[in-house]
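Here chain A shows up in two complexes: once beside chain B, once beside chain C.
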Partner chain A sequence: MEKVSSTAIKNKLTALYRQYSDSIAAGMPAAINRQRESAISQFDEKGLPEKGCERYRFTDIMGAFGHTHGYAIGPQKEQVDSQKAFRCAVPGLDTYTITVGNGWIDTQNGNLPAGVTVTGLAEGAQLHPDIFEANYNRLAATKNDTIISLNTAFARGGLFLYIPDNVVVDKPIQIVNVLSGGNPLMVNQRNLIVAGRGSQAKIVFCDHTLAERQFLLNNVTEVVMLDGSQLDCYSIQNLNDHSSQISSILIEQNAGSQLLANTLTLHGGFVRNNLEVLMNGQHAEANIYGLSLPCGHQHIDNFTYIDHAVPNCTSYELYKNVLNGDSVGAFGGYVLVRPDAQKTNAMQSNKNICISPSARMYTKPQLEIYADDVKCSHGATVGQLDENALFYMRQRGIGEEEAKMMLMSAFAHEVVRTIRIPILADRYAEMIENRLRGKQAACGECFMKCDKR
Partner chain B sequence: MLTIKDLRASIDGKPILKGINLHINAGEIHAIMGPNGSGKSTLSSVLTGNSRFTVDGGEVTFLGKNLLELPPEDRARMGLFMSFQYPVEIPGVSMVNFMRAAVNEKRKFNGLPALSAAEYLKMMREKSQLVEIDSRLTSRSVNEGFSGGEKKRNEIFQMAMLEPRLSILDETDSGLDIDALRIVASGVNKLKTPETSAIVITHYQRLLDYIVPDVVHVLYNGQIVKTGGKELALELEEKGYDWIKSEFDNK
Partner chain C sequence: MDNTNIINEVTDSEYKYGFVSDIEHDTIAKGLNEDVIRLISSKKEEPEWLLEFRLKAYRHWQKQTMPTWAHLDIPEIDYQDIIYYSAPKQNVKPENGEIDPELKKTFDKLGIPLDEQKVLSGVAFDAVMDSVSVKTTYKDALAERGIIFCSFSEAVRNHPDLVRQYLGTVVPPTDNYFAALNSAVFSDGSFCYIPKGVRCPMELSTYFRINAAKTGQFERTLIVCDDDSYVSYLEGCTAPRRDENQLHAAIVEIVVMNNAEVKYSTVQNWYPGDKEGRGGIYNFVTKRGLCKGVNSRLSWSQVETGSAITWKYPGTVLLGDGSSSEFYSVAVTNNHQQADTGSKMIHIGKNTRSRIVSKGISAGQSQNSYRGLVKVSANADGARNFSQCDSLLLGDRCGAHTFPYVECANNTAVLEHEATTSKIGEDQIFYCNQRGISTEDAVGLIVNGYAKEVLNTLPMEFAVEAQKLLQVSLEGSVG
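Presenting the complex of A and B:
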């Protein structure tokens, strides 16, 4: 890694913004442009987060920013024909598929149900100005995270997804993010998802690198779940070893809404996931799961922030890591129960297995509880595969490697079984097994060597 | 079937087995009895290849092969089975998948094709009836949440599935009530053929009422100090181990 100071990177990025601010704003709606100035000022003032600060205790963000990346204002001319190239569709899984190249919508398959909108960010602001204005950068602006501010300053590419009240989307919406091109590239993708009252949808994000380049994907997704909505958010991350991803998913749950979030990190040089949920309406429920399988010199950090702002809400979190090689994993789980949030039910669990002696796992639950009639629990474990179980299996004739595989798959299964799309769950299990066997995690026929070293 | 010559083994530098000699023919049941700490469970661990123990010397021949140089899985595939004193719970690994892997690995080792799903399920059904195990147990994760008795019954079910040549029952009677003991013992007896042998390790004579041994050995201080017929077990039940201890210690 090149030795670059955090301040130098900050100055470079601020200068980049100042130099191109006209082009960045060109053709973009006022709702997006008017957020830029305060965002870049905040970034300029505070700089990149320091390792050891509250949110980034175990992660040096320079692992992502300490490389030289190019930046593109718009979609590149030589877009990959992802329609032809991309065969990552899960066999037997019928989806509405949207492919996104370096942050920009490329192709769209299938006719979405009436009223459901999936467009680029700028188009979304024009199609649904009221919804857009009311929600864009509302959650993001409250976060004290300059990497999110950086995204707000540069935001151009990305998606707007709107599901009107009471619409049930029959098939999963699959959003395939592809990073490609011949040069190192920083991509700031900004998404806004609004789920109307009583609506239901399942969204599958797949993030891939298509080229052996250094990519830095800084995506911010704001999700607003209105009363009684149900949303499943699955995210599969599979980036090459040189690439970095910082993914911030910021969710607001209103009364009676139900969230299922499941993040599977198969591969990636440096990955930081922020999953933040604001419980803003009573009787909302969030079930949040994550599984990461770092190996080599990868660094994977999952940070969750659950803000119980109102009474009678439930959150359940389970994050697991299987670490190999010299990899580093981190989990930070922050739960805030505000004074009014009585009858809160918050559970958090983080379980980890270090396969190799040099893998390291850092875990930090952090609960701040200001209400007195609540049920909160947390637990964290770091261990090795159970030697007694291994011997038991070998005594039955199962070979050592196979026995280890079975134990690791069993460990992962607790996360996989929460997926509510059965075919996707099977595919997950298969990808995880391939990944743990050191094979490609790629899906069946897919030509993309997502995890080519 | 099995010949053990001057077997010595230790754990963390502490000698436990101090020269075991034992010969078992096909069709025989040998009981190994002895007081706590005499080395009974160490013997079964060493025979099955548990790496926590170090073999310091001696030879073990199983079906003509040098057993001690084989990894645990190959010993198992050749037909060596141990019913564990404390069967391990393996959450997330279903009994069905666990046993299918075990059965097919053994078949592969013996040059046989893997069982089809239908053949395998039929086998599961038949064997679970044979050893009277509830099919609800076989559809769960391995031993997870099983009671002590259920775990032991599950061991005998696995024994039925794997059809071993030599079974070591390591304190299978511990923690069993009399009904469970009877069911477990009847399973073992049903599986007995002139081609199979068993080593029954136990503290008490109780189990030997149901599984009748051909030979009884007494293990004390890492050695077999007495060998006799099934009447030896009755004598031990009556007199305890003290007379053997004093006989041995005075030598």
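Presenting the complex of A and C:
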């Protein structure tokens, strides 16, 4: 493959925006359109993150942008009915299901509780103009990441999810993102989620590809959690191994809000997850978990940034990787405790197992602390399966492969057990086992016509 | 508990080495260019190859820019406003083993015995003031065993082959901005060679003193420990109290051959600046050891209490199979001090082991960062690392930061890193108070216990000094 420079990609994307800026803005609300110009200028000025820059130290972003992708202004007519095509539903999991095709809402199943809104961005801005205006691009604009700026410039598809004050959503809201089409495609999906005061919801994101094409999903989700809200965000990433995914989830937590975020990365050639949490109200709590199981030539980079801006907040992070094949895993964790954010509790842990000789792991847990009455800790390990445990099991007649499998499943279980939807947790465990056994991590009747790996 | 009062007392504790000695200096003009480098080289009567080495480094330095990645707020440094060579004038002939009484008085005041008869402990000293080595003790006694311990300039004169063989092999002149600067203008330092199979009978020590104003100190230390040998090396440093900042950029290179062992200890006590953050030494140091031989071992111990800004990452390249390295550090920052320090362990050989124990203590408005790298290359089968870096915060206006990097490309490596940050627990203080120990003493007790693991690794004489230093630096400080 011919090597392209990052400047060439930047110029190409900027030119693409300039050429189609009218079409991109057409039919979109002013709240979105007014952000585009400064975003593209920022992108044009700074370009894609340079290789080796601190934020993307272990990840060359050209791994995602180095291919040629098409770009679609709107939903494509010829795309398959994802509802039909996608039969990967978790058996027995009763959810409000929203399918999203290449960034655009396709179908919606079940009647959401009164007041809960799930719409496209444009409709969202019409239905709740105040909420939309106040929150759209508020968190994203503060981030010094040009990939987020790129998304802001191109944003059209995506969804707006609003849960009114004190509404408890009874069933999980499942958002199934499918990428399909006959050509390589870049999808800039932009989501805005606002959880009202005292509201509660569980959201499950599933990212899939329906074709063996090179997709590039640049996903930005802004989440605003108002006082006392509770959100569980589960994310299952399962793109094909030719595709790239850059997923930025930017969360603001207000007083007393509780967040549970859990990211499972199974497939996807190049995956970069940015999870940034701003603790903006006292007594907020964030529990963040991640599990990646890369093999082959996968590159998976999890980056988290927890900003403790106010006192009395708690954050807990656990990220795990099981690396096989020639895969590369990276973890960058950043905890910032601002001056006066006293009584902060922040814990961060990154544990990794390298199974194969050529797998590589890079980890960079960081603490930056400007307040003294805090308890902060982090830990990172890279190692192998415990030989003693293996020996113990083999002594008792368990085959080597099976014994390894049990240990790896147990390693993964620490993340799985945090899931608060029991059926989903079972499904997770099953998918993880399939993945570790080298099978496709989707269900038996999966339509994904992937290459045999 | 009147914490504020007690904290205020800390800032009043005095830097006791802040005096200036009235000694005449042979000083060159300010500024840096190729002529200055030629002048330094000619003053030291250096051979042509060394001048070339310096010029090459200088040309490389000119192309580089000051690194900005550290968590430090470094005011712009005008490299043309620094004197690059300043030697105290001696009215006696040092070649005859004599020493100028004024100089002797200075080192006596610092507690460094230059008089061999009066020495109580078996420590050989090389005393360096500004740009030159003033005196090296016990040289003859050491020479009997084949050990070379002398000033760097002397080594260049008397053992040019050894110096040429090893100089720049561990820290190449192109390594980084400050290494290039040092390689261009380095003045003096110590050279030490331990021959095969020799266990150095006494501790070797270099004491660095900055005295002259407006000068920078750029010393260079080279230690070579041949097969099956052992040496314990100590380094100490102080500087006068001045309102302007002075630059110190040193290089330490250590080569450890088969089955040899080097123990390198530092007590760094450069003038840290006053409580408003005026003055102090900028300390930009590149220290690196190469465990070249099989089963070689290098151990770093450091107590860092001085300097306005510290930028220092002693590291070891574990090249020989079975080699091992340890890094123990206590870094204390107070008032407006800033420190960005830590260790690098590069595992290349098979079955290499490393251990990092770093204890940071921040007080006042200081910023204290740990920055470390543990890197395991693809061939380093069976590599093992354990890193622990703890931070203790005393006061609510200081910062403690941790930036570890772990890079692993081998599936048989086992790497562990852990870090914690906290203040002294109120329950701990309460427990001590209950038992009749004043808050003041309780803090001393807790800090001492906290740093014990590192202090225990220092040679005895140094451990006592370090413990005292810790007490002075943090006197009465309560979080």
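Odds and ends about this structure:
What we mean here is this: the second predicted complex is superposed on the first by the 443 of 453 C-alpha atoms of A that agree within 3 Å, B and C clash if a C-alpha of one lies under 4 Å from a C-alpha of the other, contacts with A are read in each partner's own complex, and residues count from 1 in each chain.
Quick note on the criterion: a contact is a pair of C-beta atoms (placed from the backbone, for glycine too) under 8 Å apart; a residue touches a chain by one contact, two chains touch by 3 or more.
Quick caveat: nothing in here was measured; it's all calculated off a predicted structure.
Judged by the touch definition given at the top, the superposed model places A:A195 against neither chain B nor chain C. Of the two partner chains, chain B is the only one touched by A:D386; chain C is not.
When the two structures are aligned on the shared chain, A:A31 is found in touch with neither chain B nor chain C. Here chain B and chain C are compared by how many residues of chain A each touches, and C touches more. In the superposition on chain A, A:I369 contacts chain C only, with no contact to chain B. Touch criterion met: A:I398 reaches chain B, while chain C stays clear of it. In the superposed pair of complexes, A:A125 makes contact with neither chain B nor chain C. Contacts from chain B toward chain A in the complex involve residues 48-51, 71-73, 75-77, 81-82, 84, 87-93, 97-99, 101-102, 105-106, 109, 141, 158, 162. The touching residues of chain A, counted against chain C in their complex, run 54, 58, 339-340, 342, 352, 354-384.
The touching residues of chain A, counted against chain B in their complex, run 386, 388-389, 391-400, 402, 406-407, 409-411, 413-414.
Chain contact summary for the complex, chain C toward chain A: residues 69, 71, 376, 378, 391, 393-423, 479.
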